[in-house]
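Both complexes shown next keep chain A, but they swap its partner, so chain B is in the first and chain C is in the second.
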Partner chain A sequence: MAKPTHSPLRTGLVHLALVAYTLISLFPVVLTIINSFKTKNAIFREPMALPGPSSFSMIGYETVLKQGDFLGYFQNSFIVTLVSIVLVLLFGAMAAFSLSEYRFRGNTMLGLYLAIGIMIPIRLGTVAILQGMVAAGLVNTLTALILVYTAQGLPLAIFILSEFMRTVSDDLKNAGRIDGLSEYAIFFRLVLPLVRPAMATVAVFTMIPIWNDLWFPLILAPGEATKTVTLGSQMFIGQFVTNWNAVLAALSLAIFPVLILYVIFSRQLIRGITAGAVK
Partner chain B sequence: MGSLQVNSVRKAFGNHEVLKGIDLDVKDGEFVIFVGPSGCGKSTLLRVIAGLEDATAGSIRIDGQEVGAVPPAKRGIAMVFQSYALYPHLTVKDNMGLGLKQAGTPKVEIEKRVARASAMLSLEPYLARRPAELSGGQRQRVAIGRAIVREPKLFLFDEPLSNLDAALRVQTRLEIARLHRELKATMIYVTHDQVEAMTLADKIVVLSAGAVEQVGSPMELYNRPANLFVAGFIGSPAMNLIDAERLGEAGAKTIGIRPEHVSLSRESGEWQGKVVHVEHLGADTIVYLESEKAGLLTVRLFGEHRYAPDDIVYASPDSASIHRFDANGKAIR
Partner chain C sequence: MSDTSSPHDAIGTARRPIRWHIAVFLMPAFVIYSAIMILPLIETLRLSLYNTVDGQSIFVGLSNFKTLFGDERWAASFWNALRNNLVFFVIHMLVQNPIGVALAAMLSLPRLRFVTFYRTAIFMPTLLSFVIVGFIWKLILSPLWGVAPWMLDLVGLKSLFGPWLGQPGSALIAVSLISVWQYVGIPMILIYAALLNIPDEVIEAAECDGITGWSQFWKIKLPLILPAIGIISILTFVGNFNAFDLVYTVQGALAGPDGSTDILGTLLYRTFFGFQLQLGDRSMGATIATVMFLIILAGVSFYLFAIQRRMRRYQF
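Up next, the complex of A and B:
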């Protein structure tokens, strides 16, 4: 789709830059995946080589599947990530709707207060969170993780969604009011479908740090029953000996679920059924 | 079927008063148009009548019933918006039927009403389409259809033609006029376009800065403007307003004369002037001239006339059509 004003050289350079960036981004992922299929000696001797007949080995995957309850870890990660995303999107959208739709005293202040969370890392409050969870008896439960991640994801979600909701036509909401839709119906049936691309963006931004997090699972839910994938992979990393095959295999496996979620959300991002609703 | 009384309605946003005590009486079946410059409060007044904004003070009665505490959906109104405001995820048919569905109307009845409305607006071929698959004019017809289907006591139009191009605007204007005749419904229409106001209305309400300047039929406003604001606002090109002192007229502060009530001559006349600019429109020729006595004048001549900039001409007002205004801007009659 190069416009006539673009010279082939310029287009070429742009593509070169994009290809270079793609390679840099994919390199660690590819390295992890190819090495997960090699023997331990081959990993260290030629880390860049593809697995050949002599170096191919499934030992990493065998270890991962045998040792520990890896399916359980995946399930934990999945539950925590999905429930957190759902809660972040639901509460984030609700807060964003009230901030953008209704005039009330302290609206701006409340919006700022909710946005401050973007700038202050939630980990600063780890000690207090841990104390709170202990007091509430939630240590070693997935609920603890879900609560923390929901809190962590909300500020950005509210910030992005309220900006998007401001762009939804007032006329459309008023038409709904005149047609007898309740405020809830206006929120769920008119506004949410229209901000779906923004919801997908928020979902992606929320999901990745949660899936990859090691900090809170380690502190709040290190028990065998509540281990997440990232935490589960850590058992192969020892102080003196690290089972690299197993670590790489576990990480390779951990990429796929998050990739699938990403594909689902990014399709939503692109889809534009809302075009032409209002001029 | 649908009358409306508005009594000393006020609306303030914080300390800013947008409506400063509006009184209005709309009879059943009337087509009333609110017209005024942007920011005059006409849309706010419409939204207060619709119940989308609460009035700060005053009362609104539809069909004699006080509706101050009644939600929009229960007021028996339907509204057509400038931006169409169609539900993007619903088909044309569902867009039109949603209001009735929410009110619990039986399915058969909804089908019947949607069919009737879509026949009126020739929308039948599009019933299964989504708004995104329609052109601007079709979308606005769907929005009008959505209003008709509800069989409301009051139709409210909020600048419904502003987003349409010129040709479509004329066509839709005729359609709205036809609908008003067929439905015999009470309609309230907001616009900043005085041509729409003059062509559609039974009664025009001219608003300025949150207050009613004058209420009357289009011809009343044109022939007997109550004050300077209405005189300058109604009529296109705008009325020439001349300082009475310059003309040596006693008993008035400002003299008003419409461009079409001034005649031009190359030989003789009351005001000598030099042509500044000429607009040839075919049916009319509009001549702008700078006169010594009356200042900048606009003259509208019917038919084609060969005037060019820098011509020296004489303008004479038709003395029967002169409007006089006092120091407060009120018309002297």
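Up next, the complex of A and C:
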């Protein structure tokens, strides 16, 4: 390829700009994490220094683990996120399969109907959702959150998955039919394994807003037993505003799982966006 | 669309046996989606036409909306929230999206090294919850801790520092910029994807014609990524007019100081659930949610019918 060589000066400037912005995006997080391991004096005297032998302290984490039921919050968040993802993937894939595989009257209309939720946020229905949950006796249960998040995740999941299911070869499915497989077997044994990469993408997209949501836990499940990590740290920090060690430790505890997940899934996530989102 | 659509689906194929599996595949998603998302949305729109008088819910037509726009106290807080929300949106469009495009343009330069690292790092804040982001920035901007003044001192601008989150004049801008910091990864990654989709031949042809560097970006690449910029704009619009969490975390439900960061989401929360001395009001909550719905619907329709259709798409 006969591309003009870029001048080293220009490349240098580009790197400079990118490094500068990288620092801006990482700095607040790094600052929080390093200070969560320091004594109170060190936090205020030298906020930028790494924790050293004289300034290292776990007092913040001790307070957090003693005062707040963070293990319980984590458990709630895990249950809600995991069950919602499983339901979104299973029901979403089933609906996407039937929309992309079968011709029936109302197919397009149904597809459009299921796509409304991509643009209109579920939050606007909160008034009636709360009423419904009260009527069903589901307030302050994890079930309420799981139902809401499943409904919230389905539209995008169906949209993305049906795009991918259209690419599964018809010959394969017809061969299965000739061999006497039922439609259910074709879906679960032939098609699902083939769209696994798309499922992973959908899982990551579904997971982030659920894990981070504050609105629905605050409204539907604010009780101590059903608090999620996001709500739990919000309330904990609200109570301990002046205890900087505890606040920084609580923040770091809330960051770690997201960081770990991101390190594991970042490749999947970025590839998913670059492959499907802009067409 | 009603609940009867699934048996209806099979009618068209009367010659064949009824294909129950279609209904089985569709039913769970359809039921959950309709019951938790669509029906509550419709019910909320309906509730905005009712009000509670003497403990009974009665139909009042548009009088809730009359109260919202006509009553002095309601109208003042509504227009305040709407204005703030507009400012919030405009700051996102003017700061977040150009920065996102610029970052993407740099990342997509051929043969640039460490791209994966930059991309991963810049996208990271997007994954954090508002609670984390809000509190971190509250701490950093706090005059108590002194991290922000210290950093401004590094570039010789220490005198500019002020308690930005606490002053009515600057609080909204500060909160918006925090949100920009968090979300700049989304325009960056979507534009980056769009730029990577431009075929090499197009770029090579441009280079043969001597179009390189800046003019290549403006004349060749930018027109090709306009659809992606359109998608980002509408995503930003929907996200901003639905925002709540960040303001709630940073400034509390009252969206202080003095309501200067109050946006529609926080107004809805306070109206529906009540806060401190204010009692929760279901009908007015539904009314505000309805107005938000109409605003978002108007924005999305404008995008779908006025912008997306006219946009030129290039196929390779």
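The rule is short, and it goes like this: the second predicted complex is superposed on the first by the 207 of 279 C-alpha atoms of A that agree within 3 Å, B and C clash if a C-alpha of one lies under 4 Å from a C-alpha of the other, contacts with A are read in each partner's own complex, and residues count from 1 in each chain.
Criterion: a residue touches a chain if its C-beta (ideal position, glycine included) is under 8 Å from a C-beta of that chain, and two chains touch if they have at least 3 such contacts.
Keep in mind it's a predicted model, so treat the numbers as computed, not measured.
Which of the two partners, first being chain B and second being chain C, lies in contact with A:41: first, second, both, or neither?
A:41 contacts neither chain B nor chain C.
Please indicate which partner A:194 is in contact with in the superposed arrangement: first for chain B, second for chain C, both, or neither.
First partner only, chain B.
For the three-chain arrangement built by superposition, which of chain B and chain C touches the greater number of chain A residues?
Of the two chains, more chain A residues are contacted by C.
Regarding the shared-chain residue A:262, is it in contact with chain B (first), chain C (second), both, or neither?
Touch status of A:262: second partner only.
Per the contact definition in the header, classify A:233: touching chain B only (first), chain C only (second), both, or neither.
A:233 contacts chain C only, not chain B.
Considering only touches as defined above, state whether A:167 meets chain B (first), chain C (second), both or neither.
A:167 contacts neither chain B nor chain C.
Of the residues on chain A, which ones does chain B touch that chain C also touches?
In chain A, residues 273-275, 277-278 are touched by chain B and also by chain C.
What residues of chain B sit close enough to touch chain A in their complex?
47, 50-52, 71-74, 77-79, 81-89, 98-99, 102-103, 130-134, 136, 139, 146, 158, 163
Looking at the complex, which residues from chain A come into contact with chain C?
The contact residues of chain A facing chain C are 1-4, 6, 10-11, 14-15, 17-18, 21-22, 24-26, 28-29, 31-32, 43-44, 47-48, 87, 90-92, 94-95, 97-99, 102, 104-107, 109-110, 113-114, 116-117, 119-129, 131-132, 147-148, 150-152, 154-155, 158, 182-184, 187, 208, 211-215, 219, 230, 233-234, 237, 244, 247-248, 251, 254-255, 258-259, 261-262, 266, 269-270, 273-275, 277-278.
Can you name the residues of chain A that touch chain B in the complex?
Interface residues on chain A, with respect to chain B: 169, 171-172, 174-181, 189-190, 193-194, 273-279.
Using the touch rule from the top, collect the residues of chain C that touch chain A in their complex.
1, 5, 8-13, 19, 21-22, 24-26, 28-30, 32-33, 35-41, 43-44, 47, 99, 102-103, 106-107, 109-112, 114, 117-125, 127-133, 135-137, 139-140, 145-147, 150, 181, 184-185, 189-190, 192-194, 196-197, 200, 204, 207, 212-213, 227-228, 231, 234, 238, 242, 244-245, 248-249, 265, 268, 272-273, 282, 285-286, 289, 292-293, 296-297, 300
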